Amino acid sequence: MTTLHNTSTHARPIPNPKKSLITKLNMGTGIIVGVIFAFAAYYAFQPNADTAGFYNQQNKALLAAMLFWSVGFLIGIGAFIGPFRWLIGKDLTAEEQLYLAGDGQGIKRYFKYCTDHKVVGIQYLVGVMAMLAVGGGMAMMIRTSLAVPGGHFIGASVYNSLVGMHGITMIVAMIIVATGPFGNYIMPIMIGARDMAFPRLNALSWWVLFTAIPVLCSAWFLGGIPTGWTAYAPLSVQAGPGMNAFVATILIFAVSTAVAGMNITSTVVAMRAKGMKWNRVPIFVVGATMSVALAIPAFPTFMLAMVQTATDRVFNTGFYDANVGGSGWLYAHLFWIMGHPEVYVILLPGIAILMEIAPVFVRKPLFSYNAAIMGFAGIAGLSVLVWAHHMYISGWTPTLNGPFMVTTEMISVPTGLLFLVMLGTIWRGKPWMKLPMLGLFAVIWNLLIGGITGIYLSDVPADNYLHGSMFVTAHFHYTLMGAALTGAVAGLAYWFPKMTGRMLNEPAGYTAFWFTQIGFQVLFLGMFIAGAEGQPRRVVSFAAMYKYSNMISTGGAYLVGIGFIILLWAVIHSWRKGDIAPQNPWGAKTLEWTVPYPVPLENFDEAPIITSDPYGYGKGN
Amino acid sequence: MSSDTASHTEFHIHHDAPAVVGRRERLGVRLLIVADGAFVFGMIFSYFYLRGLNANNSWVPKGGHTLAASNGWIVAAPLVVAAIVHKLGVKSRSSLTAGIVLLAMLVGAYLQWHQLAHMPFIAVDDGGRHYFEGAYASNWVVLAGANMFHYIIGIFLALGLFIRGFRAKVDPTLEYWRQLTAGSWFTWIAAAGILCAITTGII
Amino acid sequence: MSNHDEELTPTPGQRAINLFRRTDVQRALLFTILWTAVFVILGLYFYPKWMPEVMSRDMKAMERIIVGFTVISAPIAGLVMGIATQAITNRHKGDTPPPDGPAIRTNGPVVMVWTVVSGIFCLIAVVWGIAELNSMALEATAGSKEALHVQVIGSQWVWSFKYTDLGVESDKLMLPINRPVEFEVTSEDVNHSFWPLQLGVKVDANRLQTTVADTVPTKLGPIDVKCAELCGLYHAYMETSGKVMTTTDFNNWVTSNGGHVA
């Protein structure tokens, strides 16, 4: 991180905002105010005689403390200064805005409410890597525990918590893994914008997300999350105090997602460079925007499900309590109305990154830009109509299983178009096998396996056997980890030179690639077998008949673990001491490679004017 | 997007034309309205799903309480008034308009709070534990809570517009666009209030 | 995918012949065939080997679908992997970017054919799925009159079975062979999912709701019953066993447990 000094070529006057509050606030003051708020809320909401029967006292105080922590932190870091100044009619001055953009503040700006989209991108990148590391560590513990039958390594309670924490940590990390770092750092430069549409909200989306991290971690000290990441009711209503952490995390995260999604969408719609018509927008920007735009209407239903869980737990409403007219089916509906679009929110940016990479490394235009758009749009459109395929066997209305099977299987057509675009681009080219390109080939295989197994699961009779088994776990790891995460790592390898000014260490990168990908195949092949044999998911202990498949899985998991440790080392080492990168190491034609490193505060000296799409590679083009 | 660029000798934050900024802000707010709309859709879905399911015959249990449909309209009316007044006064940007909008918001918020404080359908079990007696009651309280949230954001906006009306150190074009942007929100929460009123009217 | 021909040839037949003379096309085809074979073997040999013993017609249908889908999708998966493998064999080595390839922006017929073919495969999957679903439903209605009713109750963390017509309760799932059986599944607390592996039945147990599933056991032997929905602390241990037995054995079991044979 020491290479991140802002040494722009501009001679610029040192900004001199009045010694206002803005200059004194940072992450430290945020934490202090947040902790004070949390304790104040915790004690203010302690049991008292008036409300003794009305609230579940423990849940009320804990939930209040968590939400007030988030609000307090945001006050302490200065997130509400802008809105407050608007309220009293004293808008932020140009100097103050320049200060908020972190101009000339070096490494300190990474710990402030900094509005520069490049700072936010790096914050997201570091945050995501930390989350993936923690989530991956939990995955290693899970696989270690499952190495032998009988569950001797850890108890059922810790195991169930690990499953839930691993799940939700990874889901949160995967939702932001591409659109957080690259959507914030690279995407505005790619479209020729000077910053995001709403720089202050950009900072808000990151810092709101940041406040969710300690809340989620607090679950460990409150008895854990015993429900898996799906948090099905009524189990979640019955669960202990750790569940409050889950509820609060999702409430906070949903706000962050809505703000980030709206910001990225607005930026792409309203801030594109002159001449960048819709058919000249780089494909990564299209995919990332469709992803976040899909998240905007999808996540609020999850938030609502969590609000209802919270009211059930705190005020004794009965949304999920069948005694008083509620139903667990309601939760499943609300959850999956969010949950299925959400997997495409995760997948689309990863695929879009690879489509951005492929033309550069085969020196051919992207094959059928229109097919790519139709693929993304088709997936995004259909994804909101398929949620109940997670509920085939729940018994809610078996007659509707048929229609949901039809919509679900229709998704294979736009998904097929995405394959066509990737294959058409590499066809008759000579792929340059740098790290990003290796990612493309890995994803073609992984998404193929994930896609085909998805067709079994979309089929009602086949799902009748496979639902709730390890087969499902293996399937969605192939799509989310094998496709989306691999795509994001390829993106990291591709944009690393632009984001850090240095090249990613290649030998270490290749080693990490082969360890993770081979380990991944072994790991989830074993899990497919265990699922086909009939091992339910989320079990701490399994029968001896699943011994070998689980042993294979655990072996593969260790390979993946080693691979990711090597990758992490490569990233940290290269960031500090890697070879200095040229401005455009891959010879790409998108706008982000036209700006120097470090990227100037407002990206471009002269606003670029776009005359063609960025895929003009190839003979005779 | 714009014609002027950062100069080489002196650095300054780049400013787009007020109308461009204004249009962009309205787009952003409309996208947030989409998100809030999905939340409202979810609540209405919950309401009718549990109403149709009527698990354990406890949508409204035997001897259970309900609120008259008029309650929903009472708290929706100030939202509608505010939205209409704001729309009519958006050109003039007078303090009077902003004041009426703010007043309507405050009155409506009070009425909503009053309804929440006097819910009839909280029962007590043998252990002294209070609970909502049926799914109708559960849904009603979350719908009312969301309406209260709309009021709180509305009050913030109305208060800001009111105060800013006196402190005129603002770009008139941008301020006009911000009135339109606030109008998008006021119109939406009025529509949401009506939707909630219709929903809770169907018991 | 593969008719990006640069030479202008007069007849489609000639074009096709030229296409298949190209080494990259030949190599891609070879890899396609090899990969297709891999997927076919996976479907035909490995899935039946991995899946548990088939003890009902429903289970047979499920196995048939999983194997069938694998085999049907094998050519498409083979083509995808064939093209990718061919590209890898043609890779560029070195530290500078490769020479420019042909500037193919799109190819209308290819996009069209690809979309139509994937649509047809999607249609096959849908029609097959619905047909199986229907035949299962018809079978259930046909058998419902003489069906044995078993009330399945899930509670944290045990299964119990009430044979309401016979006056027997058990924690093991005992079933007579070749007689339709109707499971009426419910839960006393949180969601569970009733899963007797070998019978190809899985249905959630919801509190205060009854969900119905039916099947006809067609083979004698032991059954594993599991819970397929995370239901709290001891979810993993919420399992029991059972048995499909001859009618005589079943009647004996009923009477010896205090029930009466209808």
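Letters A, B and C mark the chains in the order given here, with residues in each chain numbered from 1 onward.
Going forward, a residue touches a chain if its C-beta (ideal position, glycine included) is under 8 Å from a C-beta of that chain, and two chains touch if they have at least 3 such contacts.
Keep in mind the model is a prediction, meaning the values are calculated, not measured.
Trainee: Look at the interfaces A-C and A-B and say which one is made up of more C-beta pairs in contact.
Mentor: A-C
Trainee: Taking each chain's centre as the mean of its C-alpha atoms, which one ends up farthest from the centre of chain C?
Mentor: Centre of mass proxy via C-alpha means gives B as farthest from chain C.
Trainee: Between chain B and chain C, what is the gap in Å from one C-alpha centre to the other?
Mentor: Centres of chain B and chain C (C-alpha means) sit 47 Å apart.
Trainee: Which whole number of Å gives the spacing of the CA centres of chain A and chain B?
Mentor: Result: the chain centres lie 29 Å from each other.
Trainee: Give me the residue numbers in chain A that touch at least two other chains, ranges are fine.
Mentor: Touching at least two other chains: 322-323, 327, 329.
Trainee: Give the residues of chain C touching no fewer than two other chains, as numbers and ranges.
Mentor: Within chain C, residues 208-209 contact more than one other chain.
Trainee: Where in chain B do residues touch two or more other chains at once?
Mentor: In chain B, 55-56 touch at least two other chains.
Trainee: Help me check something: in the complex, which residues belonging to chain C touch chain A?
Mentor: 1-2, 4, 24, 47, 50-52, 58-59, 61-63, 65-66, 69-70, 73, 77, 80-81, 83-84, 87-88, 90-94, 97-107, 110-111, 114-115, 118-119, 121-122, 125-126, 128-130, 132-133, 136, 185, 189-191, 193, 195, 197, 200-204, 206-209, 211-212, 224, 226-237, 239
Trainee: Which bits of chain A are touching chain C when the two form their complex?
Mentor: Per the touch definition, chain A meets chain C at residues 151, 156-157, 159-160, 163, 226-228, 230, 232, 234-235, 238, 322-323, 327-329, 360-365, 367-371, 393-395, 401-402, 405-406, 409-410, 412-413, 416-417, 419-420, 423-424, 426-433, 441, 444-445, 448, 452, 455-456, 458-462, 464-469, 529, 532-534, 536-543, 586-587, 617-621.
Trainee: Given the complex with chain A, which residues does chain B contribute to the contact?
Mentor: 1-3, 5-6, 8-15, 20, 23-25, 27-28, 31-32, 34-39, 41-43, 45-46, 49-50, 53-59, 61, 122, 124, 128-139, 141-142, 156, 159-160, 163-164, 166-167, 169-170
Trainee: What residues on chain B touch chain C, complex-wise?
Mentor: Of all residues in chain B, those touching chain C are 55-56.
Trainee: Give every residue of chain A touching chain B within the complex, in rising order.
Mentor: 10-13, 52-54, 83, 86-91, 94, 97-98, 101, 103, 192-194, 197-198, 201, 258-259, 261-263, 265-266, 269-274, 293, 296-301, 303-305, 307-308, 311-312, 315-319, 322-327, 329-330, 333-334, 337, 600-602, 604-607
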